[in-house]
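Both complexes below contain subunit A, partnered by subunit B and then by subunit C.
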Partner chain A sequence: MQIQYKPKRGLLATIFQAEILQGMALTLKRLFSKPITRQYPEEKPQIRTGFRGQHALVRDPKTGKSKCVGCMRCAMVCPSRCIRIRSHKDKEPGSRRVIDDYQIESLRCVYCGYCEEVCPVNAIVLTEFYEYGSYDRRSLYFTMEQLLGNWDRFAAQLDRPVEEYVNPFWRPRGLPEQTLPAPKRLPVSPEWSGEQQVVGRKWRQHHGPEQS
Partner chain B sequence: MTPPLKQTLEIPVADGEAERYSLRMGPQHPATHGVLRVDLELDGETIIECKPQVGYLHRGFEKLAENRTYSQALILTDRLDYIAAMANNVGYCLAVEKLLAISVPLRAQYIRTLVCEMSRLCSHLLWLATHALDIGAMTVFLYCFREREILLDLFEELCGARLTFSYPRIGGVRQDVTSYFIDELQRFLDIFPSRIAEYETLIDTNRIWLKRTVGVGVVSGDQALALGLTGACLRGSGVDYDLRKHQPYDAYDQVEFEVPLGSDGDIYARYRCRMEEMHQSVHIIQQCIDQLPPGPIIGLDAPDLVMPNKVPARIEAGSSTYGTGLIRLIRDRDLYLSGDIYVATEVPKGELGFYFISDGNNRPYRMHIRSPSFIHIGALATIAKGEMLADLIANIGSLDVVLGESDR
Partner chain C sequence: MTILLMLVQIIVLFVLVMLHVAYATYFERKIIGHMQVRLGPMQVGWHGLLQPIADGIKSFFKEDIIPEQADRPTFMAAPIICLVAMMTSLAVLPFAKGWVLADINIGLLFIFAMSSLASYGVVLAGWASNSKFSFLGGLRSMAQVISYEIAMGLSLVGVMLMSGSLNLTQIVEAQGNSILGMYLLPQCIGFFVFFISMLAETNRVPFDLPEAETELVSGYCTEYSGMRYAIFFMAEYIGMMVMAAIGTVCFLGGWNGPFAVPFFPPLWFLLKIYLFMFIFIWIRATLPRYRYDQLMDLGWKLLIPLALVNIVVTACLKAMIG
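On to the complex of A and B.
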């Protein structure tokens, strides 16, 4: 497709600067419409569910501790290698792994969300909280207590009960349930779980309603 | 007290008449779109010699990728061309999928095409905004950012990030689209053509814009091919080369679109090409929404994130549905084939190619990125020679370079 350009300008349009006046009229029109600028620190943008912000370790409401089982999947998958986990196992048989410390160096993190996606028990989450800049590096090197505190702070400002909060990376949208480990099979809407998918208008016309 | 230093300034005079001097432009110059340094040799205001210098943003991605698995190296491609990260991600995934012989479900292909075109709109909007600002049109800058904000909000809804998406996955995509996302995107598509008309009203026939762009930075078709230009810079010179059309990947062979071609090869021709591409992108996104098929969003044989050498968990879990034959097939197959491969995709800036050498390991032995920006910066030396200093700014803007991609 050949593009068309270099539009010819008439003599009158040249003399009266018609194209500049048109542009001016457009900008003048914007003067009377609602401003689109957001006055950021006073006016907060609406953050969507699943925004990858500050890290947190989910506090189990039953035990009051972290849900982490120390499987090291998150530390293994992390592309920037910013997760450090220390754990030990008691001598007596049948005892569970105990997490001593769970550290995240948030300055190295690239916020890809792989950790929360591979976690089999939904213990780690990137919350929707994003304003945590600091003047020193020390406070951005999260220890386990800080990470649990991050979750408490996030849960407190949540507008719905914490039990109902589901992060889209815990249970990826559209993945069939049978491919996920049991703790990740959280109750979600049929659109989220992939049972009811958004299908194009033309596809439906072509293939009929019974298949979609 | 020491006596004041006596210093005589030696002004080099060439041919007795004009004043020849050298000028370092950048790397902190706002009009170089990042950290590009250009060493200039000037005769008055005319450029005699132009040497672009790159490397201020070098992070060594090609080396970093050698120590990461294929899934982990995906996040590095976000930081190449950070304006259209989705297109880079898709290009990377396509290359790895071809290397590992993984198939992608149809629905994932359509979603990928859709997000690729959305990121093309993002990139072209930011290009128009900054290019117009460089030349002196301030209003267009603000108008373009208004529409780009809507697109970034949509990306946030889809994958939880506004700039570094890491959304496609080797063998599919990470999250399915929601009806909210599709509805919002449809609303955007309905208003966007009128917004393009607004930009055109502002600058298309503006006499200052025409004076700065028509006949400036002319590259003929043969010259553009010799310099290795791709994308809108090549099509502005009238060469019909678009990988989406001539080497279709994902769902590009399922949708109809046209490749806009210029003829003069000047800045104005490249500007018109990109404006037409925006119209075509809207057209492609509309078709993707209309034809979106149901189905899985990730292939069954896609490698696992954590243990890429093992059979993916989703196959083990779904074995009752898919039968044990598939598991045996994948267990027997080398998950990672050795060999080398080059896969190129059409990103907003031009042709982005990934070259892999694999030795059968789960991480690339060598990854090379053929980035359009690097080659376009190289072409700047030829294009800007003999032109005025002020036109260099217009030329840099028109070649649409991103230093993150050039230096990688």
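On to the complex of A and C.
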């Protein structure tokens, strides 16, 4: 294949530098177009479901504690290794694993959402809250209490009951229903499973540019 | 008494030019922002209108860092040389009929001398900083100014031939009875050469090689900070304004306009200057930087021969017709 780096042009185009004039016309046209800037702190972006923000441990409404069973899948799948779990199990048979501590170093987290996808009991979630920057590293090193507190704060500002909240990541995409553990067989809109997934650039075509 | 009056005039001009420089930065940021479909400064004041003042206060109170290995006296003098040279050339600009501080007969030559001196400041800054980026910036500036000074001087010879004077006021008056009241059409080659070498003289994109951010950090002003850096910027913007003023005076007919404005005679002059400034900014928003050898090629192989041809043609026509 031959690549023509310098396209041929006529004498007039050379004298008047047609390419430069084309570029100038383009920038002049853009001068009168509407800027796409969003003045962030005053004008908030619209957060869609499935936004991966601050971490939280779901508080089980029945027990009032975390749903976590200490299977360590999230800690293993985490690409940035930012999850640390300490648990113990009593010697007598039939006793359940007790979680002593569940820590997330959110400064190292890459917000991939693998932990919530892999969790068999939907214990961990990346909430849609994202403004939690801090001047202090220690406060971004979430312990179990803080993670449960994050969930409480997130649940308080939800517009529907907590029981009905379903994070789309809890139902991994593209997997048939029977291969999933029971708690993950959740009703999610078809946009999130199967063929009609609306992701990335498709979203803009779907909902118009002002919401993106 | 005349000295006092002169002083008052100088101070008024100084203050106005300083304000102009401050708001030229705002103008530039806003226009480039909108051309890139952004908003530009929005936070300080209504639509960021107080941004230049905030910038000025910030750079005034910033720490003035001088590198240990720098040549101290030269380092401190360089921005001042730049600024003084640029501001001195403001004295000979005719803003309107009689609105000129020093109506000297060698006005055009004086401006050339001063703009060359300003690049002397840039070269010294590059040398005194004792850093490789600054040094390269200084060297580039030197080579660029030497090559483009020639083209620019030659491009204006045509105007001198047609008007028969070096006095800026007389040049404007001589244009009154030519086509459109300006030398733009008879001197179109001269204007083309002048325009390109004007961009190169003021170190603007696409010829901003002395301070190429992408290669040389910030070129000759890499080691400067705070007020000294701001002085370089002021010098650059005053330089833009002076060059725009020469362009206006020599090719666009100075203060002459379609009709006379009763209370504010420099209106047309200022409008033409702002047109030039807008084009400067417009080009900056559009074009990438030239490569160094392309810059030299353009200067020596195209602009200087073109300017020489222009001189010969103008002189022949003048001899035959006038």
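The rule is short, and it goes like this: the second predicted complex is superposed on the first by the 145 of 212 C-alpha atoms of A that agree within 3 Å, B and C clash if a C-alpha of one lies under 4 Å from a C-alpha of the other, contacts with A are read in each partner's own complex, and residues count from 1 in each chain.
We adopt the following convention: contacts are C-beta pairs under 8 Å (C-beta built on N, C-alpha and C of every residue); 3 or more make two chains touch, one makes a residue touch a chain.
In this text the structure is predicted, and so the values were computed from the model without any measurement.
In the superposed pair of complexes, A:63 makes contact with neither subunit B nor subunit C. Touch criterion met: A:23 reaches subunit B and subunit C at once. Once chain A of one complex is fitted onto chain A of the other, the partner contacts of A:36 extend to both subunit B and subunit C.
Of the two partner chains placed by superposition, only subunit B is touched by A:169; subunit C is not. Shared contact residues of subunit A, touching subunit B in one structure and subunit C in the other: 20, 23, 26-27, 36. Against subunit C, in their complex, subunit A makes its touches with residues 20, 23-24, 26-28, 30-37, 39.
Contacts from subunit A toward subunit B in the complex involve residues 1-7, 9, 17, 19-20, 22-23, 26-27, 36, 47-48, 50-52, 73, 76-77, 79, 110-114, 117-118, 126, 168-169, 172-176, 178-181, 191-192, 194, 197-203, 211-212.
Chain contact summary for the complex, subunit C toward subunit A: residues 31, 33-39, 42, 282-283, 285-287.
Listing the residues of subunit B that touch subunit A in their complex gives 68, 71-73, 75-76, 78, 107, 110, 139, 146, 149, 153, 156-157, 159-161, 164, 166, 174-179, 182, 198, 201-207, 214, 258-263, 268-269, 272-273, 276, 288-298, 305-306, 313-314, 317-318, 321.
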